[in-house]
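Report on the following structure.
Labels run A, B and C following the written order; every chain starts at residue 1.
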Amino acid sequence: MNLIDKINRLKTLKSDLYKKDFLLTWEKSYDDLEMIIEVADILKDLRDHNISPKVFASGLAVSIFRDNSTRTRFSYASAANLLGLEVQDMDEQKSQVAHGETVRETANMISFLTDMIGIRDDMYLGEGNKYMREVAEALDEGFKEGVLPQRPGIVNLQCDMDHPTQSMADLLHLKKEFGSLENLKGKKLVMSWAYSPSYGKPLSVPQGIIALLTRYGMDIELAHPEGYELIPEIVEIAKKNAEASGGSFKINHSMKEAVKDADIVYPKSWAPFHIMQQRTELLKKADKAGLDALEKTCLAENAKFKDWEYDDEKMKLSKNGKALYMHCLPADITGVSCKEGEVAAGTFEQFRIKTYHEAGFKPYIIAAMMFTNQFKNPAKTLKKIFKKQKKRKGI
Amino acid sequence: MNLIDKINRLKTLKSDLYKKDFLLTWEKSYDDLEMIIEVADILKDLRDHNISPKVFASGLAVSIFRDNSTRTRFSYASAANLLGLEVQDMDEQKSQVAHGETVRETANMISFLTDMIGIRDDMYLGEGNKYMREVAEALDEGFKEGVLPQRPGIVNLQCDMDHPTQSMADLLHLKKEFGSLENLKGKKLVMSWAYSPSYGKPLSVPQGIIALLTRYGMDIELAHPEGYELIPEIVEIAKKNAEASGGSFKINHSMKEAVKDADIVYPKSWAPFHIMQQRTELLKKADKAGLDALEKTCLAENAKFKDWEYDDEKMKLSKNGKALYMHCLPADITGVSCKEGEVAAGTFEQFRIKTYHEAGFKPYIIAAMMFTNQFKNPAKTLKKIFKKQKKRKGI
Amino acid sequence: MNLIDKINRLKTLKSDLYKKDFLLTWEKSYDDLEMIIEVADILKDLRDHNISPKVFASGLAVSIFRDNSTRTRFSYASAANLLGLEVQDMDEQKSQVAHGETVRETANMISFLTDMIGIRDDMYLGEGNKYMREVAEALDEGFKEGVLPQRPGIVNLQCDMDHPTQSMADLLHLKKEFGSLENLKGKKLVMSWAYSPSYGKPLSVPQGIIALLTRYGMDIELAHPEGYELIPEIVEIAKKNAEASGGSFKINHSMKEAVKDADIVYPKSWAPFHIMQQRTELLKKADKAGLDALEKTCLAENAKFKDWEYDDEKMKLSKNGKALYMHCLPADITGVSCKEGEVAAGTFEQFRIKTYHEAGFKPYIIAAMMFTNQFKNPAKTLKKIFKKQKKRKGI
């Protein structure tokens, strides 16, 4: 399909993204989600054709990262830059956040000339998404009271509940791999826990995956050892989504069994829900000894499940022995990044480039979230961009 | 007044800001100051009307922060971005400043393609403003010798003597609140010390306020416990300004008495001048034990003045019981950001949004300082911007 | 020569810089090198005439600094900004590089919308340049596999072997000082070790200088105390270059003798090659005690050569007693930045402004490396820029 046709197709979507924050995929309609992945795809096409989709002459895109990150940080910076916004990091070391400022005040102080705010806050269970909503409320008030000339949009760059820029990039990747969203119907995807020598990895990726992909009529199987549960409310959402979409959702306690006949496997470590709850309490109390003890216990527990490594043997059990392997990266690769990990080196290598492609959609997903937040009629604005044919590179 | 009228009014001002650093308000003429606040107001209007005042296709705005900061950092970044400059932090951790480089050399090394430099250096009494002038001299030499194709302008983002981007934002805020600069005549403003559980807060805000606002015929009352003096030379400037402008300047040793019939109150903690002198010596010697001892003494001394909290009871004594409350933020709010602080929570809450508005002028004040430093005829350039009607957002 | 003539002259050069990384000057042809300095000169002229050479509407210039830096960091940022790219630091503290990610993966993850990558990695002998080539290979693969829509170019911002942005800036400086590259023929340049109270300074500057300038028919004398050798392979390259260019290359073990009749002197400290080898091993093992012991030994050894200070007495021995003094800055200046150092204060002062000019070429050299990497026909693109006459500053 050519670019103009792609743009015109957007008009059939009834999305409601304008001036709405993107915090959880399950708060968004099908048309919202489709709008995001289609706009992402079009923005990528435009750039690939050396057409600049720059829509801001100035403006800040603030990033608040409460956890380290390479890929999300660069994805966010790339997205902002593509549209003409300049990233300004709200670094807690550089700023006074830690010194008793209220979220309410800070949210306004950083937003006078800000169009978008990206937040990553995935350390504390029950906190990350809540924090984003606190910021949102503060911005609502600031805008209502005339403090802010615009209400900056918020993009969730990963919280305790969801990781929508990841899951949406994954969705676009699947669309590309299988040809269309319709083609995802009836496909079996296994979101599986996998062994890792580290503990305390966030739950947001598996939660984001099961809550989003159950909406597309897929057969989703969540596999993990007993005790490695996700947040129950989100598992509930996945179940309901599957029912409504004509797909299915199952929980399995064996990676080996789960991957049978799978079209897609997503093996990734995470910490059990109840451990994350304990960890959150200890982090809040800054209980170093308690955290160390918890880590020791957890690592010992994890060590019982070293066979939860995805390898060629398990891959052979999948559909035609070649299920699509997915990962949000970086993966814990046995013998490469760790002694024993989530995936065997040879297995990973077969899909390494595919995982790079998967990751490559993220900047455009974020750009699409910004674009749809900022422009009421994305099709119209994209058409203007196309007509203007402003070169991204060159003169 | 519409935008074009506002721009035309600038022509009546005889300012001398072009290629001059903005280091201290008391080095500037009335027309200089009015030019800054009017240009700030116009830049805000332009942006609010979605007209981009971008006047640089490229160029750096270097920031040198020798103290933490959220709001000034974001204000500076927003101002630079609005005009088309990219902020480059001169982070002393990242750079080699600490390793024996002379100011003279570094000032040139960071300025080859730099248009503006913003400096915050408020830790050492007798040092911050001096440092800015050292940088200025180095830049003068570099430009004269053909090392630099342009002489970057310097904006004082807070020093030991003045905080002009704050006091000028405050002035614009007052102009908006009272309708005009003329209306400030005869208004009573109390710049009062207030209790805070921390010690060693800079003197630059109260000094900046009394030195600037005494120029507008206001009745300024500086209130603080005995012993909490500001730099005597600056108090002297305030006195002379008041005399010349037909206003008045008084010192009072009771917050309660001072606020009587006040139109405006600005309650804010600071460290006594003589303590800051001792602190500066100890900081220079890196005398940790000495600093700890000094802090202990000071906090004990401060604790005698916990009743220097601005609350509803004191507000009742002000003009009509509703003096405008001002603060540079963040305030130490009793029961919110600390146990006992500068202001009662309920009192602050009544003016919280107003303090946000107050802070919201700072990015535009900085942008105006940059703009008038860089363009000889601001009215002419602003008119071109207006005529061009380049959208800030959109295509 | 006017700008258009300068641009037209580029057409006579047969350079092969398009889509090629700039890692070592000795991998580049004469025409390549001339193209870089000429484009640098033209970009500087354009900017000095207030013409913006912005050729990117968006795009990232990633910087990877594995060592502190002020001037190279600002030079890189200035170059990127001038052309329209936004710098995004790949800070190892902020990122997950240290946590087992492979170079291969990270190189792709930061490059989806990236046009240029600048790398500084000069700490480990045998590692820096190798690391750059690993990144290069990863980018080649990513581009070949369709992961990256473009292959970002790499600029070596200093490695263990070469410091091409420095040596090329030095070459342009020499061209300006002596009128033309041809005029460098027969000129004597002394690249001399000099005493410094620190140890472990990289070898890349002296290596870069002798390997580059021997190509221009100069008489290069490398002076250092016995035992302070550079990497033998690079000394070998310098010898061959001198032979081929009709110049000469000598090693001398006395600064005093070497500077006799010199046209140019470049006195600068470095660590001996064999010490750097030991240091690299200790750094890899993170052997703190071993590093401390090595430092102690080296400083004691260095202290034997405190007379390797360049001063007026030595300068008198040079051609007409006034050889051009060069330094990459910051210099260790006796009595200024240290007690005893590389150069006497009075001697340095006579050439201080010249060293600033020398440094001032670096941003444009980097911009030229970016420009020639990105545009196949630099003359054509520069002509378009000239014709467009887009103002850098103003409206």
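Couple of notes before you dig in:
By definition in this document, a contact is a pair of C-beta atoms (placed from the backbone, for glycine too) under 8 Å apart; a residue touches a chain by one contact, two chains touch by 3 or more.
For clarity, every value in this text was computed on a predicted model and none was experimentally measured.
When the CA atoms of subunit B are superposed on subunit C, the rotation angle comes to 120 degrees (nearest 5). In a homomeric contact, the two copies may use the same or different surfaces; for subunit A and subunit C, under half of the interface residue numbers are shared, pointing to different surfaces. Centre to centre, using the average C-alpha position, subunit A and subunit C are separated by 41 Å.
Looking at subunit B, one finds that residues 86 touch two or more other chains. Interface residues of subunit C, counted against subunit A in their complex, comprise 55-60, 62, 86, 88, 90, 94-97, 99-102, 105-106, 108-110, 112-115, 141-142, 145-149, 374-375, 381, 384-385, 388. On the subunit A side of its complex with subunit C, the touching residues are 47-48, 52, 54, 65, 68-71, 73-75, 77-78, 81-84, 86-87, 329-330, 332, 336-338, 352-353, 356-357, 359-360, 363, 390-395.
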